[in-house]
Every structure is written in C-alpha cells, then in structure tokens.
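First chain A sits with chain B, and in the next complex the same chain sits with chain C.
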Partner chain A sequence: MDVHSKEFISSNTPELKCEFGALSRSDGSVLFSEGESVIMASIYGPVEATFNKIVIDKASVDCYYRPKAGVPGVQDRLRESVIRNICEIAVAISLYPRTAVLVNVQEMQNRGQLISCAINAVSLACLDSGIDMKFVFGAVSCFLSNNGELSCIPSINEDTVKAMLVFVFNNTTGGIIASHTEGCFSIEQYKIALEMCRKESRNVFKFIKTSLLAADKL
Partner chain B sequence: MVASTDLGFFLPGEVIKDIESKDKYTIIGPGLRRNEEDPNSLVATQAGRLTFRAPNTYWIESRRNRYIPKKGDLVVGVVTKKSGDILKVDIGCAEFAWLSLLAFEGSTKKMKPNVNVGDLIYAKLLNAHKEMEPELVCVDQYYKSGRLGVLPNEGVLINITLRLTHTLLNAENPLLRTMAKKFPYEIVIGVNGKVWIKANQAKDVLTLCKAFEAAELESEKSIIEACRQHK
Partner chain C sequence: MAEEYKSLHPLKYYRDYFAHDIRPDGREFADYRPVIVNVGSISTADGSAIAKVGKTTVICGVKAELCRPRPECPNKGFLVPNLELSPLCSSKFKSGPPGEEAQVLTQLIADVIENSRCINLEELCLLKDKLAWCLYADLVCLDYDGSLLDACIVALMACLRSVTLPHIDYDPALDVKQTNLQERRHIAVHSMPLACTLAIFDDKILLTDPTVEEENLSSGSVTVVINGDELCSVHKPGGSILSEDQLLDCIGKSQARAKSLQELINSAVNAANKMG
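For the complex of A and B:
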C-alpha cells in the first residue's frame, strides 16, 4: 500500500511517503521516506523475552539500528537508545509483562533528517503491527544554518549547517516527548525551532492518519 | 444477530466521546481503554475503526497480527516440547502454552494419549492471564473432548491473518460453504491464525490457500458478492 503526501507538499517541508507491510514476516513493517532520507522499520512483538531481559511488570523494548553498510557504531547506538526510550513511553508495555518488543530499523538513505525519519518510521510500524499504544508520536527535524536561518529542509552543503534539532511530539496534547540536538545554538533559537517544529508536527500526524486510512480501506 | 455500526477511524491516544451505551454501562473490547480523566469517555490504544454493537459494546477493528491469548479461545497449536505429563504448545503468542496430558478425554495416570513433538492440537484456552503462561485443555466442562484433541497427520497447517479468521468464523460468511460445494474438505480454524486443512487432493488444499490469500485483501461485502457469483 503506497501512500504519498501530495497534499502536504509545500516548499519548506520535506515530502513524506510510506509503504505498509514492506516485510512479510514481521508483525508490522513500513518503508518510510522523509524528503530524501529513507528508513525501513519493523516491529516484532510481544514476543518471548530472553531470560536476562525479562522485566516482571512490563515488556522490555529492544531497538536494533542497522546502518547502510558495515557494523553499527557509536552513533548508531545513540540512535538506538533515542528510539528505544520513545517506544518505551509510547507503547503500552505494562499490558505485556515478561515479554519483549523488538524494533528493527534499517537505514536505506541518509540526507540529514535521519533521526526524525527513523522515529516516524518506527511510529508507523507500531501502528501497522497493532500493538497497544498510549499515544502516537511524530518527529520533526529542523536545521540551523550559519546565517541563523531555520529550515526543515537540510541544506545541500553540509558545512553551512550549524546545528540540527529534532523534536518528538505526541498526538494527544501536542506535548514534547523527546528532543535531540547536535551543534551550537542559543536558547532563543531553540525556542523558535521548537514552535516551528510543533506546527510542522501537525502535518506529520495528518499524514500518519491519512496513510493509515488509505491502508485500512479494503 | 445485532448489526454493528462503524463509528470512524481512530488513532491511539484519541479520546472517544458521546458514548451511547445503555445505563452508562459499557463493555470495551480490544483496542480501547477507559479514560481516567473523564469517566464518560474512552481512549483508543490501537489504530482502526471503532465499532459499536447495541446495547453497550465497543471495540476497535485493528490490523493486529500477533495473537494475544484470551480465555475461552479455540486455538490450533504445534507441540514443541514434551516433558513428563506436560506438553508445551506453540500457539503463536509470546510464550508457549501449557497443556497437561491429563487434560484429554478419558486420560488417566496410566492411560495417556499418544502425543508426540510436532503434532497439531486443537484446544481451548482455560487460562490466559498476562502474568502467567497460557493453559490449554482438550476437554469441555463435561470432560468430553467434543472436537478438541490431536489433529490427524494427513492435514496441512497454514497461517492466515487474525482478521481473516474472524471473517471465516462468522457463521454468516459464505466463503467456506461455497468452497465446500466444489470439493469436500475438513478445516479447523484457530482464532490464533493457524488453520489446519485436510482434503482429498493436494490441489484442493492449494485452492483453499489461494482463496484465503485473495480473501485477505478483500472486504466482507466483496467476498459475499464473489461467492454469490460462484453459486
């Protein structure tokens, strides 16, 4: 099921596209692209947990991030922990005690907004698998250029980007549930970026809903 | 049967107001939880269509594919381990289900049924608490097996989506009856998505598999329409 976000295209926001059920054997999977970054995410769960990972009152969430080539490095471990922490609060893990939820993220293409792309892909994969969730999450990344301009589209020249800010919001209250930043910026710039991303996150949730609706129509 | 009504598409976290249940007493099914802040509303926990059946039942028709055991479900499972009087059965959920050899009809300490690893079992969930292993039995409340028990070796096991099992088990759905007019077959559908089929020829089994594959992508209305054409 291919879904394109044609109605959400505007010049300053990345185009979103997704395809549900990209993998046949996982419980939920999605091929998701945000601008020119592409991620394949899949969810298995709840499945049997290994003995040392069992938590008595909730499911343990594990995230595996695979880069395009080679073995996962330190950067990838950081991304894994960001995604795992978000999943732990969004998925209703207390409903599945003594089990494990496995999140697999495969990087396909990187054009700057990789983290927000991965988070959105995991969110869609969770919804595809039908696992119980407290809320839906959506991420937006924002780039601060050397001349102080904020934009949601990464600049083609990497040297002109001074900082990258990623914010994750929930769909119920619009509250922020995670923030990840790289580079130098002032507190003022952070606040402006936060408001900008909050506005943009509504488009992400709109996209999630329309794409699920399109996939649900049988 | 009371018809159920579709009340629109919901995402996890969205609040459902205007509960129409009788006497403010609501039964909630999968995909919903009660709202702590406002007692007269519900919160969705799965993405899907909210469905209501009069007088007071609500649930979400979701695209879930991992089976979550529920008490009283009839399931098909594969025996994966045998130790003493206990069988461990894979029913597709997070843990192996537990089945005692004494839970078969007419079984005693001295006379146990002959069950081996790899056999298929059609059983009922006696116990499905989320903190415990699910427990299966092959007898009903009168200690009779009914149709439960070990399935014969001649059949074939296939996996289908949970949504399709609900469609097929709906007594009003004509798909299985229409197929039965073409050729004879035996079928056991577990609500965990495992289906056992036995037919005279391998061709007939494949025809059934193809039909299920096609039905997975179709709505209930178009299945009924397709069956009517083949009458």
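For the complex of A and C:
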C-alpha cells in the first residue's frame, strides 16, 4: 500500500511517502521516506523477553539501529537510545508486563533528516503493528543555515548548514517528547525553530492519518 | 525511621520532600551541588583535570600522539574522547567492553566538542597530509552520583585548557621528527561549552543537578549545553512530555549555571598556571 503526501506538500516541507507491511515476518513494518532520506522500520512485540531483560511491571523496549553499510557504531547507540526512550513513553508498555518489544530500524538512504525520518518510521511501524499506544508521535527536522535562515529542507551543500534541530511532538497536547540538536544556535533561533517544527508536525500527523486511512488500518 | 521509609517507599519519600519544596539533601529545586575542579592532577599526561560535582567524580587525562591525518580531511588532527564507566563507580556497571550508557555519553561528549568547535582540529595539523596530533581524552568516572555529563564536560574543558604539546621539528624530505620536550605550548581553546542536566520528576518538577537517586526515580531528563552566548545542544531523549515554557525554563536555568562553572574553571586553570 503506497501513500503519498502530495496533497499537503508545500515548497518548503519535505515530501513524505510510506509503504506499510513491507516485511512479512514482523508484526508491523514500514518503508518510509522523508524528502530524500529513507528508513525501513519493523516492530516485533510484545514477544517473550530474555531472562535478563524482564521487567516485572512493564514491557522492555529494545531498539536496534543498522546503518546503511558496516557495523553499528557509537553514534548509532545514541540514536538507538533516543528511539527507545521515545517508544517507552509512547507505547503503553504497562499493558504488557514481562515481555519485550523489539524495534528494528534499517537506514536505507541519508540526506540529512535521518533522525526525524527514523522516528516517524518507528511511529508508523508501531501503528501498523497495532500495539497499544498512549499517543502518536511525530518528528520534524529543521536546518539553520549560516546566514540565519531556517528551513525544513536540508541544503544540498552541507557546508552551509550551521545547525540541525530535531523535535518530537505528541499528537494529543502538542507537548515536546524529545529534542535533539547538532551545531550551535541562539535561544531566539531555538524558539523560532520550535514554533516552526510544531506547525510542521501537524502535517506529519495529517500524513500519518491519511496513510492509515488509505491502508484501511483505521 | 526515615532510612527504612526511604528504602521501602523511595518514590513516596521523595514526593513528601518535594511537597514541601525541598530535596532530601537540603537543596531547593534549582540549587546545585558544590563543584570542585583540580587541574594538572596526573603528571604523566599531557593535560589532566579532576572534576567533582557533588559526589560525582570524573578524572580526565589527555595523551597526545603523532599520527598521519585521514585522507578525507588531510589538514585536520584528531580529538578522541572516551568515557569509561568502570564497576568502581557504581554497581550498575560491569567490567568488560563499554556498555550502552558509556557509549551514549561518549558520543554526546564527542558531539559537544564538534558542535562547539572549542578545539580547531586544523590547528592540530602540523603538516598537511603528513603529520598531525591525535589527542586521546580519556575520562574515567570514579564515583557515579548523577549529572555525569555535567562533570565530564567540566573535567574535559579544564583538562583541555591545561594541555601542553611539545614542539616538533619535522623534515618532510627525510621524514625525520625531532621532539623538543622542553618547549611546550598550550593549545588554543576557542570556547567553553558547559552542560547542565535537569531531571523531570512526576512530569512537572524540574530538579537541577540531580543525584543518582533522583535520576532513577525521575520520569525524564533534559541536558542543555551552553557555549558562551549560544546553545550548543538541547538534548532531551524521550521521557516526560514537556511544554515549550518548561523547556525554555530549563535553558534559562542552565545559562546561570554555565556562567558560574566557567568562572570556576577559569580560576582553577589560572591558579594551576601560576603554580606550574
């Protein structure tokens, strides 16, 4: 089931596309692209937890991030920990005590907004798997150029990007679940970026809803 | 009595204190623990420092080696941070290869160095494509009592300020290096990023500089790294959902903290320079 976000695309937001059920073995999987970045995410869960991972009052969440080439490094551990922390708060893990939820993320293509792309892919994969969630989460990346301009589209020339800011919002209250930044910026720029990303997150949630409707999942 | 209560109902124990706007160690929500910095503690290293934030203790040593720059960036040297969380500092850690927490923190420290541009890697290059300095910044946690990243960054920055490198005479034609150990020079530290960790307790109370118990019971954390007038990282890895005002409140609190830490490092480094 292919879904495009053409109808709400404006010139300064990345195009979103997704395909549900790309993998047959996992409980939920999605092939997701945000602009030129592509991520494949899959969810297994709740499944039996290994002995040392069992938590008696909730499910344990494990995230595995695989880079495009080579073995996962220290940088990927940081991404795993961010995605895992977000899933722990968004998925109703107290409903599944003594089990494990496995989140697998495979990087397919990186054009800047890799982290927000991975988080959105995991959000869609969770919805595809039908696991109970407290809310839906959506991530937006925003790029600050050297001349102080903010944009949701990464510049083709990496040298002109001064900072990248990623925000993750929930769809119920619009609260901030996570914030991740790279590069230097002022507080004023941070505030503007936050407001811009919050506005943009509505498009992400709209896209998630239309894709689920189109895939007959709602 | 209070001790038993604390071990049986830790969450309620903390909540009862917080209901009276005070923390079990006598601090208010926005108070910090005392910070101690000692510079030049390891004489065999090219630069070193110990930082104590409350009971959290981190020692940092920099060892310099000569190496060849990478072909992708032939005019850059290296600065490689590595954090070791040994079983010594907490029962949480086992010996062996670095665990997840150590790897995540190492990456955060590396990100702070890169984002703040506190060290210009091009200045560590001695001759393009031939010779450059590789600085290994090894951080070892001796006592783990919360806000580890804050202590790591203080130790690292104080340590980098104290690093001296020997003068190198290099003849590219003959590939001969001569090291003059007597003539040592400080490296240029262009900015001083400083981290401030806040724990979120019960989704609303913001605890500055949390202890390890407060971190374990809290529902999330935010780390803000301030670099002079700019921000160099706002890291909130999931956890409790914050409103925009709360997040900006965290940033405001961190700015005051960064200023006092900066003065502290400056005076510690100046005192060490006068002595040495």
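In the analysis below, the second predicted complex is superposed on the first by the 216 of 218 C-alpha atoms of A that agree within 3 Å, B and C clash if a C-alpha of one lies under 4 Å from a C-alpha of the other, contacts with A are read in each partner's own complex, and residues count from 1 in each chain.
We adopt the following convention: a residue touches a chain if its C-beta (ideal position, glycine included) is under 8 Å from a C-beta of that chain, and two chains touch if they have at least 3 such contacts.
It should be emphasised that the depicted structure is a prediction, and the values quoted were computed from it without experimental measurement.
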Margin query: Under the stated touch criterion, which partner chain does A:143 make contact with: chain B (first), chain C (second), both, or neither?
Written below: neither
**Prompt:** Is A:99 in contact with chain B, with chain C, with both, or with neither (first, second, both, neither)?
**Reply:** first
Should A:129 be classified as contacting the first partner (chain B), the second (chain C), both, or neither?
first
### Query
If you stack the two complexes on chain A, which partner ends up touching A:82: first (chain B), second (chain C), both, or neither?
second
- prompt: Does chain B (first) or chain C (second) touch A:175, or do both, or does neither?
  reply: second
Interface residues of chain A shared by chain B and chain C, listed 170
The residues of chain B that touch chain A in their complex are 9, 11-15, 31, 45-49, 62-66, 68, 93-96, 130-131, 217-219
Per the touch rule above, chain A residues touching chain C in the complex are 74-75, 77-78, 80-82, 84-89, 163, 165, 168, 170, 173, 175-187, 190-191, 194, 198
In the complex, chain C touches chain A at residues 100, 103-104, 106-108, 110-111, 115-117, 220, 222, 227, 229-244, 247-248, 251
Residue set of chain A touching chain B in the complex reads 27-28, 45-49, 92, 95-100, 127-136, 170-172, 205, 208-209, 212-213, 215-216, 218
